[in-house]
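One chain, subunit A, links the two complexes that follow: it is found with subunit B in the first and with subunit C in the second.
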Partner chain A sequence: MMKKQEGIKSSHHKIPWGSSVKELQNGIIDYSTVAARYADKSALLAMKKVYEIAAEGPVPSTSQPLVGCLCNLVPEELVRVCGGRPLRLCTEDGMCAKDGDEIIPGDVCPLIKAICGLARKDVFERLDLLVIPAACEGKSQISEILSPACQIYLLDLPRSNDYLKSANAWEKNLAEFYRFMRNRYNVKPSRRELMRECRSTNARTKVFRELYQVRSERPDILNSFDYFTLSYLSFFHPPESWLSLALPVLQETFRAAENSVFPGLRRVLLAGAPIIFPNYKLLEVLENAGCLIGADMLCSAYGRLYDPVEVDEDTERGIIRALALRYIGGSLCPCFVNSGKLNDAAINLVREYGLDGVVYHNLRLCQPYDIRLTMMRQATKKENIPFLSIKTDFGQEDIGQLKTRVEAFLEVLTAQNK
Partner chain B sequence: MRTKRISITRRIVQVISIILLVYGGYLFKTKQGTDAQTKFFPALSAPQGATSTASFKKGSILWPSGDTPVLENYPPGLVCRFNPNGGMFKACIVHFFSENLTWRTHIKYLLPHITLFVLLCFLLGRMWCGWVCPIGSVGDFLTALRRRMNLSLKRFPNGFHRGLRISSYGLLGISCAISAFIGIPSFARYQCYFFLPYCQVCPARLICPMFGFIKPNWKDFSVLVSSVFTILAWVVLGLFVAAFFFGRRVWCHLCPVGLINSWFNWGCGVELRKNSIKCIKCGSCADACPMGLTRMYKTDRNEIYTESGCIMCMRCVEVCPRKGCLSVHFFKKKITQSHF
Partner chain C sequence: MNYTAGIDIGSVTTKCVVTRDSEIVAKAIARTGVDSEKVACAVLAETVECAGIRESDLAVIVSTGYGRRIFKRATAVITEISAAGNAAYHILRDGCLVIDVGGQDTKIIEVNASGDISDFLMNDKCAAGTGRFLEMMAGVLETDLEGLSQLARESSNPVAINATCSVFAESEVVSLIAHAAGKEDIAKGIFNAIGSRIAGMIAQFSARNKAVFCGGGAKSEALKQSIEALSGRKITVLPEPQFVVAFGAALKGASIKKEST
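The block that comes next holds the complex of A and B.
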């Protein structure tokens, strides 16, 4: 699994991309201006601090070894317990995507390109290890493309996330990963420490569920920018420091919810490909049109934070298995062969929170979500739920067109509810 | 981690059941012995000349450690005849069948006991196994010991469980057949060897006396048949300890008492339900099931979940990460549901 590329970090001329890092830089999105823009839209005072931290960019100043992870499929507890600082490096930075275009040109998912582009920024120079789960095709392949830039651990996953078929394989692979991490950082964490990490994840889950619940009722108070920025910060912050940011926001939201009434705007479920700071184009279009996101099932927010780690056996292998079930078994990633549980989850969320429709974010060139679209459309049609699929990427050119489509969809929603 | 409410309740119930079922003899027995016996449940006794446990002499394998119980009833949880001082109830249902098939007791004396048993089974189904059975509690203690020692769980394939269940039918059938056979007057001379054939190898016969700090009858090498039974009992006890220590409730697939209880799992008062649209197929329920059952995970329909192996420990409901996905109903009334 381990691709050994000793000393590659200091000699950039060996990178097979042709040029050195600095030359190819297209520039970087100024996170602070983006953050300031959305901070102005926020109705909550506590969000100010959240945006300030988001403006600082992805790399925290810490003495811990930084372990980059992609997707939600890497159990970050295993990284944290070994003393590493997990960073989820999935990004939707348009500039990074442009940079990445020169590494993997062609019709490749912009998220994959953005990750490749990130490899040229200083983030990767500080990275100690990058853990890539073999999820979709793009993620699996960049494990090889990025190997000159960073030490990479490819977490092998079976195609099916059926418990009966693959649970033992998950357990085995994760145990192998854990062994690798322990050897790399030369630590021997006890299972109590591992349990403590699971508990801190569960504490985060508890707060996130409250946040999710209150947002489903009052999406006007904690708007979708706030919500996704808050989720985005969990990419880089361990549960404790995330909680210190989220709890004031939650309390303020509760207070504001008591003192006001919902203006009766349309609430929809946002499904499909992830939306990650700073790419809030779709959110902006929806928000401006008066179509609020009551709930989401994206892997950048709901999929990442909603589920707890349910440890049944508190032996070491038992905890690893519980982590496997939480991160891989319960995953709603369309790269797995999973018979319709994505559709079930969407329909359940719409019913549970009484939402008006489903907006499906179909990231251009992201194959798994594109293929899933048909099934999702059929399932929602069967349940008589209005459905809108929006195919877009990180570019700003199609905002006008999106706006027209969302407005038309809103008319459908209004007509249906009359 | 959220509080394990169901597990804690279950542990408390298990401890109370051990105290009641095993030490009930010490706690509630009066001088007269069976004076609590009501007229509804006639005491069953051996006919003239037939073998009974009382006729075994001390040191032989079936010599009872205690004498008469407080109540001459046969509840569904595995309660053992060989409890010290008699215990609370008389014996388990397999003992009941074996004994009375040998004694050829008239059905009118058996009916009240069978009715009570069936009613109790319809009330709680196999919950008796998961929450009451003292032998199961001992096994759960062994499992807890393994967890403490950080040894990982041995998982058995589904086919293995099915095999055990078939063997369980075999055990029940053979012990009933032998009991009926030696009840025939012309074969009565075998009664002293083959009386209560299942009890002779049952691990409960060896474990239950130890609760009262009484040495169980480990060995009887006086005749060939009892030597064979002695060795078989040792093997079975070893398997029992290994099954509970390395697996979880694998043993309960083999237990004939559990088998009889499992017939009432369909239509009993306690039922588990799944709201499958809320399921994210994480597999936590199948993973946590001490019996190693997977149907709760597999099913895609909203249904009342029943499976013959389910001991209704409700661990699946406890570990389910989704609110309201799994729920427990008692006579159509919702008792609890999965939540986080």
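The block that comes next holds the complex of A and C.
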């Protein structure tokens, strides 16, 4: 469903409650310090460049029209082929969440607050368009709040028990979105150009899968900070420039893996709510305790980059169908996947990579993941897979408690493996 | 002589136990306060003296609890979850479900038939459902935990406390007092509020295992009754409930010693 609103970009139409950026400069997270800290932890020289780019922040300087997207449900191929530069604006910047708290002060998921907080950095004013998929309630609700700052396209993604019925609706709504994009940018991309965008996504998929595979065995070399930062860069960089960063990392990882031995630490699957730069608190607690993340199923990494676009029929309709199935049908977001499939995905990843257990990131106030938690806990328990859920947010005050939970979980894993 | 010490540095109190051949021979407790390491040293010294030995007689010192890492004299460190599971298994010699209500955390720990921890749950970052919550509420009623338990025993018509946040529960209790609800009924309402949270956690585990209760919260008979009523499970309070975790750490020390000799 398209929500037509006046495209307002001039500065006097800013979100009324946003104070000026200057006022907040002291409070804004210094990405370069954070990035430098993780660069120091990395075992890989090629990661240096990746962290340098992460430090630059989410909005690149380009002449292309910037098209903000939320979640991982908007097929960026449709944006790219129309000449737009897709930017996935999901953020877990704690300072942004604090700023967002003034815009939506309720008991609202901190990720939603952080997205709103980007208004304070004038991010929305620089966008040509913001595409918000109707995923969770929070994402759907903020479209109206952000509409004074930039034009919003609310991508309706209905759900029904009948998968086929849902898939038809998604295909129809994506086709409508594509029409809107072509008209907005006054372009008529050919079917071949659209196919080329899918292929470029798939080239990225191929490299990501190799990284995912090598990490599952050697999470000590390509540590979780490196891994999530690499994935984070795909939020703002098209597949080609992402590949130019990822390929050297992949080569170096392979070399390092050949020349060293895995220290035999515990490897777990990270499930639940996304982890996004710079919110690496949980990663740090896990890695410092010797509990390495061997695989993940988060929408900020695996869910974003693992699946290719599989086009059966290379007509325009067939491509759009394939995109609908890839991005929405294949999504592991609790808004779109049933618990049976979600739990099976977790169990299969644990089995496939021989992992020791599951750590479930339960982002405080994120209802969909909180609701699904019990079902995944029970499903993994039935399979005798150790399971730890961690409810937390972007604050630092609970690190002590988190350490206790993680250390106790490691003691459980050790007891089970003796 | 096979002396080992277990020291449990909790958020509210620090407990220490000295064991000989896996039996408690001495114990001591103090408020953790601000300088937890100093307090830990003092509590250890007191326990050792009480046992009639010297610190050098201890083969192993195992620290646990929230402050486990700050205690430099510890020869080994384990989490309070393993420690509680260890002690409960040592006492029961069977699989069990341990309910540990401490100052800052409430934990449910599942111990399997071979004595290993198979699963655990802890409250999230919030004081609701912890010993701290009970202490705060006792303060509002101008009594202590024991007084609160005694009051609850006299209750005939417990009030419902709806707030799950400690701060709001406090205002709710204050307004109940203002509306002339009996102190006894408020006290019972407080235990039911925390009891229902704990019962909700217990419900996540199989009902097969015997449920046992430890931690400072287990000293309260009223809390035990509320949890029993709300979870429908029979609960056994472990002996010296507040020292169970320290005891578990000391037992761990004994097994470390066995491995090294």
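The definition used in the following text is that the second predicted complex is superposed on the first by the 388 of 418 C-alpha atoms of A that agree within 3 Å, B and C clash if a C-alpha of one lies under 4 Å from a C-alpha of the other, contacts with A are read in each partner's own complex, and residues count from 1 in each chain.
The rule is simple: a residue touches a chain if its C-beta (ideal position, glycine included) is under 8 Å from a C-beta of that chain, and two chains touch if they have at least 3 such contacts.
Everything quoted here is computed from the prediction, not taken from an experiment.
Asks: Which term applies to subunit B and subunit C once both are placed on subunit A by superposition, clash or fit?
Replies: On the shared subunit A, the partners fit.
Asks: Per the contact definition in the header, classify A:Pro386: touching subunit B only (first), subunit C only (second), both, or neither.
Replies: second
Asks: Counting only touches as set out at the top, which of subunit B and subunit C does A:Arg317 meet: first, second, both, neither?
Replies: Only subunit B is touched by A:Arg317; subunit C is not.
Asks: Angle subunit B-subunit A-subunit C between C-alpha centres, in steps of 10 degrees?
Replies: For this superposition the angle at subunit A equals 120 degrees.
Asks: When the two structures are overlaid on chain A, which partner does A:Glu411 contact: first (subunit B), second (subunit C), both, or neither?
Replies: second
Asks: Which partner reaches more residues of subunit A, subunit B or subunit C?
Replies: B
Asks: Should A:Cys198 be classified as contacting the first partner (subunit B), the second (subunit C), both, or neither?
Replies: first
Asks: Could you say whether A:Ala54 touches subunit B, subunit C, both of them, or neither, answering first, second, both or neither?
Replies: neither
Asks: For A:Ile347, is the partner it touches subunit B (first), subunit C (second), both, or none of the two (neither)?
Replies: first
Asks: Go through the superposed model and pick first if A:Arg364 touches only subunit B, second if only subunit C, both, or neither.
Replies: Only subunit C is touched by A:Arg364; subunit B is not.
Asks: Once both structures are aligned on chain A, how many angstrom separate the closest C-alpha atoms of subunit B and subunit C?
Replies: 24
Asks: Where on subunit A do the contacts from subunit B and from subunit C line up?
Replies: none
Asks: So in the complex, which bits of subunit B are touching subunit A?
Replies: Contacts found on subunit B: 1-2, 146-147, 150-153, 155, 276-284, 286-288, 294, 297-298, 300, 315, 319-321, 340.
Asks: Sort out for me which residues of subunit A touch subunit C in the complex.
Replies: Touching subunit C: residues 364, 374, 377, 381, 386-387, 391-392, 397-398, 400-401, 404-405, 407-408, 411-412, 415-416, 418 of subunit A.
Asks: So in the complex, which bits of subunit C are touching subunit A?
Replies: So the residues of subunit C in touch with subunit A come to 66, 78-82, 104-105, 116-120, 122, 124-125, 204.
Asks: Given the complex with subunit B, which residues does subunit A contribute to the contact?
Replies: 161-164, 167-168, 191, 195, 198-199, 202, 205-206, 209, 307-308, 310-318, 321-322, 325-326, 329-330, 332, 338-339, 341, 344-345, 347-348, 351
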